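What follows is a set of structures to go through.
Across the two complexes that follow, subunit A remains constant while its partner is subunit B and subsequently subunit C.
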Partner chain A sequence: MQNLGLDVFFKGTNFLRLLDGLWVAVRISLISVAISIILGIAVGVLMTSKSRIIKVVSKIYLEIVRIMPQMVLLFIVYFGSTRVFRWNISAEISAIIVFSFWGVAEMGDLVRGALISIPKIQYESSEALGMAASQTYLYIILPQTVRRLIPLSINLITRMIKTTSLVMMIGIVEVLKVAQQIIEANRRVSPNATFGVFAVVFLLYFLICWPISRLASYLEKRWA
Partner chain B sequence: MDWNVIISYLPRYKDALLLTLRIGWQGVLFALITGILCALVIYLKIPVLRQIIGIYIEVFRNTPLLVQLFFIYFALPKIGLQLSPEACGVLGLSLLGGAYMAETIRSGLENIAVIQSESAESLGMSKSQTFRYVIFPQALSSSVPGIMANVIFLLKETSVFSTISLMDLMFTAKDLIGMYAKTIECLTMLVVFYLIMILPVSILGNILERRLRFAEFGS
Partner chain C sequence: MKQSLLEIKHLNKAYGENIILKSFNLKVEKGDVVVVIGPSGCGKSTLLRCINALEDIQGGEILIGGEPISRNAKNISTMRQKVGMVFQSYDLFPHKTILDNVLLAPIKVQKRKRNEVEKEALELLGKVGLADRKNDYPRQLSGGQKQRVAIVRALIMHPDILLLDEITAALDPEMVREVLEVVISLAKSGSTMMIVTHEMAFAKAIATRVLFLENGEIVEESKEPKAFFESPQTERAKKFLKSFEY
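Our next item is the complex of A and B:
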């Protein structure tokens, strides 16, 4: 135990602190996923529109999200936007803004893909039955797309949880930051804590993400 | 926007870009090799090895690169495995990318219609011939979009290298902001340099995707 540096977890509340840090990461990703799903559906419906402007704008939006690393976006929002607009937002809000910006694009694209894959006859039939466009979406199209979307959005949750590891860079005390603090505090008494603590953090991330991604692939196979 | 500042920062950003590219292409190359080998092992159902690779893929797909890097860079030296920061970066990127590539290529292999191997068999091709000339080229072709998406993903992930003291784009931007507080200029340059790095890959991906779509028949 001493050699692997696992002893630090039994000192004080170290392990609980680590779990607290993990909760911060999970909380940020859950809030962002919720926002992404709600706005993403709206954006996805908008993306299926035939208007040229909307097509160009959504193409640019998707390309920005595809190309810019999330870390860059975090820096732009947390350091850049606060400087330009002279407002004051907390690191956690910045993280949620960035993750939602990213999630809305991904969800929007998924929703758009799912909507397009619905056969045209479904739209035509509901129109023939005299349903308004809003009714068609609400009662016919959305219920069919939701099934295809649920596994994909669950996948998005795991990717967000993984990406939350970056938020330590803008000063949020999440699991990695707590891990570093524990290591620093115990540097003298337990020099090998670096190994034990990072191994446990590795394991914690895996234990959270793995079941969720299993669930996603199970649902994907089952509802395909 | 102060243009003099931007011009004076250019050399540092250029060095950072070169470093990022150097680690990036090595990581992508090794990831591709690892991915193909792992996918082959799973496809050919080699016992024991297959289970080990299955665990490897699940572990590395379900943990963030940052945590993997911290483990490789800070934790492994404690059990006597010391690597230079750059080697850590390449290793981390290859291991993460290998898991993603393996998954992409594996699903490409599995999506080849059964009729393809049946036809090859009826033409008198041996198992290894079938695989070499029929299955594998088609699988690679149909996984090109996935592979290119992975390449972009890996290049984006290089942004976490600053945490293990590699002077990449992110590190340079953070460093310069810390020293001279020219936040807007630094962040703009950061965005531009990432565009310079990843936009060509994205465009190349679109071209490759169109060129290499020969695996259409029977699927």
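Our next item is the complex of A and C:
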């Protein structure tokens, strides 16, 4: 049988280190996702406002987030802003700032989309039955908004987890960085480790993202 | 003097500069089946929407059983329960089953007991031939079936008057009849209704009164629907009815 280079995992604490790295990636995305959901809902509701200023500002915000590669944002926040403003923020905080900046925009847009996609007739037929505005929101509008939102936001979460691999560019030792370190350290003794290590990294990402995206498509079907 | 079930006095309704109804007057008595016809854009939907206060009005009064209904009044929920409405587009709540669509308002708004309402809901669904679909979701139903559920959802609130706005206009022709038959049986049982429709044969069969509207005004009114449809008095009504012939 071919040597797949899996032996490196049994050396020292290599496998544990890899899991540690994974935890860093997951931690950054979990915190960013939490911030994105909370602020994103607020921003999304704001975005449905009729005010021109709010519309223009949120449009510019959204465009910036869409145009700028996340990596550029990471560099700006971690290397750029720390020089210019002379503050001291860790790489991990920088990453969370950038991911939240991104997530709030996307989440806001999802919330806005879900809210305006509820047809006016849903409000009206509820009112026509004598329901108060609060009852209309509670029983008719919110459940439909959340149903539309959950699969989409789960999708956003998996994209965030995947994109955390970028944070090693600002020196954070997450799973992909650990993988590289392991490969480097074992270059001579087990040259095939490149394959084995990346295969395991693939598997780890898969194990985290797959259940999440299964859940998304289950909910999507169930609530279609 | 006897209290009218619905009385509209000098109603003014405009969208911005665009005046739709100008000093509109109407009385509807218990048991009336008022069919409202007229060219597109003449204000039929607007009139019905004003009656259950889905629209702000710019002047005049709408009384239901002698009490004014107004969008911003405290008693708006109580007043709206007296007016049932079914719209043209299927407006069922997509996230609720057929039964829950029907039960929601009586339980949440009228605070009735679930098992009592459920019994009535199943009876009404049975009458429109849909009792076996109670656990389905709206997306599993045809347009005609959805409209029948929408009628039941309005009826279970025991409204004094039922407003139907072109409820078959979005339906495939073969489903129109199943819905209109439900409405006809309601009329036979004495329900008070205001019906906007483009189905002239149906209008003729069901109406006890006809209003012909143009530009938000009653151009011709008749308590003899058969006579109206055969020989309308005004030129404009004649012309309008002609447009349905081939």
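The definition used in the following text is that the second predicted complex is superposed on the first by the 198 of 224 C-alpha atoms of A that agree within 3 Å, B and C clash if a C-alpha of one lies under 4 Å from a C-alpha of the other, contacts with A are read in each partner's own complex, and residues count from 1 in each chain.
We adopt the following convention: contacts are C-beta pairs under 8 Å (C-beta built on N, C-alpha and C of every residue); 3 or more make two chains touch, one makes a residue touch a chain.
Everything quoted here is computed from the prediction, not taken from an experiment.
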Discussion item. I'd like to know which partner A:131 touches here: subunit B for first, subunit C for second, both or neither.
Written reply: second
Worksheet entry | Contact breadth on subunit A, by residue count: subunit C or subunit B | B
Discussion item. Quick one: is A:147 in contact with subunit B, with subunit C, with both, or with neither? Answer first, second, both or neither.
Written reply: second
Fill in: First (subunit B), second (subunit C), both or neither touched by A:121
second
Item to complete: Go through the superposed model and pick first if A:223 touches only subunit B, second if only subunit C, both, or neither.
Response: second
Worksheet item: With the two structures laid over each other on chain A, which partner does A:139 touch: subunit B (first), subunit C (second), both, or neither?
Response: second
Discussion item. Once chain A of both complexes is superposed, is A:53 in touch with subunit B (first), subunit C (second), both, or neither?
Written reply: neither
Worksheet, complete the sentence: Interface residues of subunit A shared by subunit B and subunit C, listed none
Practice prompt. Could you pull out which subunit A residues touch subunit C in their complex?
Written response: 119, 121-122, 124-132, 135, 139-140, 143-144, 147, 223-224
Fill in: Interface residues, subunit C side, partner subunit A - complex
52, 54, 77-78, 80-81, 83-85, 87, 89, 91, 93-95, 104-105, 108-110, 139, 150, 153-154, 157
Response to the item:
Seen from subunit B, its contact residues with subunit A in the complex are 58-59, 61-64, 66-68, 70-71, 74-76, 78-79, 152, 156-160, 162-163, 170, 173-174, 177, 183-184, 187, 190-191, 194-195, 198-199, 202
Worksheet item: For subunit A, which residues count as touching subunit B in their complex?
Response: 5, 63, 66-72, 75-76, 79-80, 83-84, 158, 162-166, 169, 176, 179, 191-192, 194-195, 197-199, 201-202, 205-206, 209-210, 213
